[in-house]
Amino acid sequence: MGYYFKSDNTAAACDEILAAIASANHGYASGYGDDAWTERLDREFSRVFGSEVRVFPVATGTAANALALATLTPPWGAILAHREAHIVRDECGAPEHMSGGARLLLLDGPDALVTPAELRRALDDNPATVHTVQPRTLSITQATELGTVYRPGPLRDLTAAAHAAGLRVHVDGARFANAVAFLGCKPGELGAAAGVDVLSFGATKNGALAAEAVVFFDPALAADFELRRKRAGHLLSKMRYVSAQLLAYLQEDLWLRNARRANLLAARVAAAAGALRLHPVEANEIFIRTTPERIAALRARGFQFYDAGAAGSGQARFVVSWNQPEADVDALCAALRALDGR
Amino acid sequence: MGYYFKSDNTAAACDEILAAIASANHGYASGYGDDAWTERLDREFSRVFGSEVRVFPVATGTAANALALATLTPPWGAILAHREAHIVRDECGAPEHMSGGARLLLLDGPDALVTPAELRRALDDNPATVHTVQPRTLSITQATELGTVYRPGPLRDLTAAAHAAGLRVHVDGARFANAVAFLGCKPGELGAAAGVDVLSFGATKNGALAAEAVVFFDPALAADFELRRKRAGHLLSKMRYVSAQLLAYLQEDLWLRNARRANLLAARVAAAAGALRLHPVEANEIFIRTTPERIAALRARGFQFYDAGAAGSGQARFVVSWNQPEADVDALCAALRALDGR
Amino acid sequence: MGYYFKSDNTAAACDEILAAIASANHGYASGYGDDAWTERLDREFSRVFGSEVRVFPVATGTAANALALATLTPPWGAILAHREAHIVRDECGAPEHMSGGARLLLLDGPDALVTPAELRRALDDNPATVHTVQPRTLSITQATELGTVYRPGPLRDLTAAAHAAGLRVHVDGARFANAVAFLGCKPGELGAAAGVDVLSFGATKNGALAAEAVVFFDPALAADFELRRKRAGHLLSKMRYVSAQLLAYLQEDLWLRNARRANLLAARVAAAAGALRLHPVEANEIFIRTTPERIAALRARGFQFYDAGAAGSGQARFVVSWNQPEADVDALCAALRALDGR
Amino acid sequence: MGYYFKSDNTAAACDEILAAIASANHGYASGYGDDAWTERLDREFSRVFGSEVRVFPVATGTAANALALATLTPPWGAILAHREAHIVRDECGAPEHMSGGARLLLLDGPDALVTPAELRRALDDNPATVHTVQPRTLSITQATELGTVYRPGPLRDLTAAAHAAGLRVHVDGARFANAVAFLGCKPGELGAAAGVDVLSFGATKNGALAAEAVVFFDPALAADFELRRKRAGHLLSKMRYVSAQLLAYLQEDLWLRNARRANLLAARVAAAAGALRLHPVEANEIFIRTTPERIAALRARGFQFYDAGAAGSGQARFVVSWNQPEADVDALCAALRALDGR
């Protein structure tokens, strides 16, 4: 009944993930992460990222982000983030909740990308005194909420600017796989080597049921994380089922294969969108601007997607899932080409 | 490789639960609970409980408890709970975290059961003025942490005493199935009819992967719950997989069948424990007291379990899981009989 | 040694205030507000505002603001405020702290004034869903941080827009006296009659030692305030000394006499500033823009004041205190006239 | 009009304190502690305590306690305190509020005194795992809520036990002057030399209007205190008036002279109470046990005091203020002697 481009979280999970859960489902395993699956996570993630990391699984991206940010930011701290960021717009104040009231300072920048200059401008506009919240953390999204990607070079420049100002750097990687797939780089080039301190490494949107990993590139920062996680109700008792998902996700590059497919199909949509396209399409999201009437016409034809921008602006967002049928994509391409008047 | 009696959360999930997940794993479904599985929950739980309820799935029992308690208790409120309660001893301050700093006032009582008299004593000892935290919520556990069960009659008396004092009543039902199975009553007799306001209805320990339901018997109390859940990172994007577990759990009384089996095996262990037994065995937990040496000897023979009570007290806890092999139970019974000198 | 225009909080307290403290300093008085002075506050403030109010004294403006905002705003709520607001820029996250993590949504507007249109724009840009913080409170400042004043008519329009959107209205009145003095209106015209729900009524800047009053125009909103205040450490034990200040402040219009004098002197400075003046001068603050060199020259001549705007912008703020010597003002006027090239 | 023995916070302030405020009330002074009075505090307190300290003034004892405890205790931490402690019974959850939800673990002990053995018992009963709050802070009261005093030797033993367990030590010194006066020791013997990390040094109850000082014996612990204080609304703008009180309080041993007088009069009451006396009287509080009828009779004769213990237990508390008229004390002594049947 229609073509689903609302979000990659509307897609099912992949067979490999379900098989891994089924395969973990025998015998006893100690609870709360003291199991054979969870114990392998640090090693596997360290291998994938090419540096020593500490990894903590949780079940949602909001939990991963908020717990990571709370670990980096005291209650009187400020988290600098792009005003399009998921943590700003879509998490109902989870960073404030988890941190005990830290503040989000909003950054601007084209295509949802933060630049060192914009970061410095914001810091200059918010000089720290005893009367103000204290900038402590930069949080960026990779790939961004507008479907763009930080390259390793600019990312290093940005994290260097952040570190120079005494900030730690968090990356919301709900679509981290799509960024790595797009760049064709090693994962580590977007991790420790790029100056990232903590990464919310997402799997749910890209083929898992419910599995996210908080990856500390500086293990020393993780000291209190386990207590925060437990206290927030995010330490799962039967953790093996989350960890098994993450292990399967990393195995034989499942994560990258899924992401590559979604990216490739998204690129097709981008090409079809032509002049309607709003942002570079570097991951699995496509934004267009047309007229509200044409948006309505697309919906009438069975395409499901979210509006973007302000109400009535004629902007729309399409997200291609890891398992999106090619036929859906072909239909969307044809419809967009027709809109574009070609 | 040993006999596992550490906790029912070390057991695997049942086939019906995995089958339900697999069966939900096709096609698209809107995220965050706007799916066909989640939409059925209110109806199914209302049917099971025989009264209109509002139900919210989450992935952990700590989340269920802390979110429920925060909904009932303002930051300056106090939650009265038995000093053996899981929320007191095993949740790393989750009630405080989620409520913004409410306080736990500790109650006593044999076998981890709270009586109206003890509740009134505690309220008398903590008269509310502007200088004190304000008692607002009674939280009890059903079945309790010591394996005992509140009967409908005494439960009604207790909740009546709580309501008379202006308190709301929360039940931590991590092992609610075991209580219903033991009593052979209708679930509703331990719910709205017994004066319970909110129930953390557990499934994880009794056969699910990760699925708990917060059940509001007074739907009016649920007003802000959804915002609290989202803000705390406990709104799963692919919610269908949690809701599918809960639906399967209720279907054809799977939850009661699993619990009955565990209770039955636990009763065998209780009988074998004889005079070593510490508390009535009314669910799937058995506590014994013997000598530290005998405790060590049991461990040496491959039995895995937790110490109970103070270190060196010679107390131990055994939990029987829904799928515990009968052979394990037979082995434990034999070992306990030998300990008891029979 | 110089001329102090840094802030009205650098001024001493007036003789009437000190006399009131001395006069309260005999005999015993029950603590925590159960004293003869505090008991008169509701009646005195109700008289001054011409409507039934509930009044709670505290010792700082930040406490008054944050406690009032927390009373109106749940943790998942949003407080809309001008980006120049004191609660945004100068209270180190006190609103977040006191509310349990509510968010500030920033508004724009010339001269630090919020308009109904700007309020509606912000609400349109932040539609409330379960994924977002929920707009609950509008906080404005009277007189504003840029020395301007809301007239009764526009204020009514603004609060009507807020109430229509389901928001409560808080006024930071650290310089409320200056606003009333400027407008020559009845205090109530800026209170209940203007749709204000809660007012932080300041006295400290305008002649008291340390005394602020949280004034609830809708007493029903005050239900939990006393517990919040106590819990935050803002219930003074020897409350009589704060309440005595407030009573003296209201007596024989001391508050308005002090404010009128400061406003009058500020108007002289405004006239002297001529084209350098940046905003309408409607209270006791004057902002100018000139060159950084001239700013430095003013400082070299002994004038003490804060920079305004961005560093190096050549903007400066002068605040005239209730007891500012006329000679200081004359000196500043002369210096500004010289700057302005007249 | 009666004899006031309800609390030392019902007494007026001393002339020296008021004179100091009046003397500070001229000219301009920078706000928020950047003034000549506040700048002298570190030096004066370091002199009094014989070691380098960092001092932060606030206006209430609850603020001093809660801010100090929050500085020492993370949200997932536990604060161990006697169940009679003011922070437990009379601050409406301020420690939880300020710390972001830390928990109070309650200790027992005769006369409200904590012993190393009791501390160790509580730590043994609350072993720290990832599932539990983490003991971080011991908070004791000096003089205690039951009018007793920790001697330097036992205090050193207790703080050594705390430090050995990884805890920091906070002292609620609302009546610290009475303890020093009773012991006749140097203040430092109850400070750094006794292993105390942070002291809430009270002045309000003993002659000030509203002045308390948070004294860090280990200045390294004070790093974030200023931000916490500001954020909580406890940084007074016209700070000179609080600091001037503290300076006057220390000058020429005013604090000790006031306390000595109160202690001396309390000792007279203690002698008169005879066998009715419940605890050693080592400061300015006397507790008695008699019959409810006799309690009522005392009240009927004009004595004002609080009940102690459970309702109807016939226990009462009398507090002697720094300026209690001798005639009041004589009347109370006579009345108690009559009760005691002598």
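Think of it as A, B, C and D in the order they're written, each chain with its own count starting at 1.
Operating definition for what follows: a contact is a pair of C-beta atoms (placed from the backbone, for glycine too) under 8 Å apart; a residue touches a chain by one contact, two chains touch by 3 or more.
Predicted model, so just to flag it, every value in this text is computed and none were measured.
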Check: Taking shared residue numbers divided by all residue numbers at the interface, is the value for subunit C and subunit D over half (same) or under half (different)?
Finding: same
Next item on the list: Tell me, please, which chain's centre (mean of its C-alpha atoms) is farthest from the centre of subunit D?
Entry: A
Item checked: For subunit B paired with subunit D, centre-to-centre distance based on mean C-alpha positions, whole Å -> 42
Checklist line | subunit A and subunit B, separation of their C-alpha mean positions in angstrom | finding: 34
Check: How many angstrom between the C-alpha centroids of subunit D and subunit A?
Finding: 51
Margin query: If a residue has to touch 2 or more other chains to count, which residues of subunit A qualify?
Written below: 32, 75-76, 91-93, 97, 100, 130-131, 227, 230-231, 235
Note to self: Please output the residues of subunit B touching subunit C within their complex, sorted ascending.
What the structure shows: 32, 74-76, 100, 130-131, 134, 224, 226-228, 230-231, 235
Next item on the list: Spell out the residues on subunit C that touch subunit D in their complex, using ranges where they run on.
Entry: 4, 6-7, 9-13, 18, 21-22, 25-32, 58-67, 91-94, 97-98, 204-205, 209-210, 227, 230-238, 241-242, 321
Item checked: subunit A residues touching subunit C - in the complex, by the definition given at the top -> 75-76, 89-93, 96-97, 99-104, 124-125, 127, 130-133, 310-311
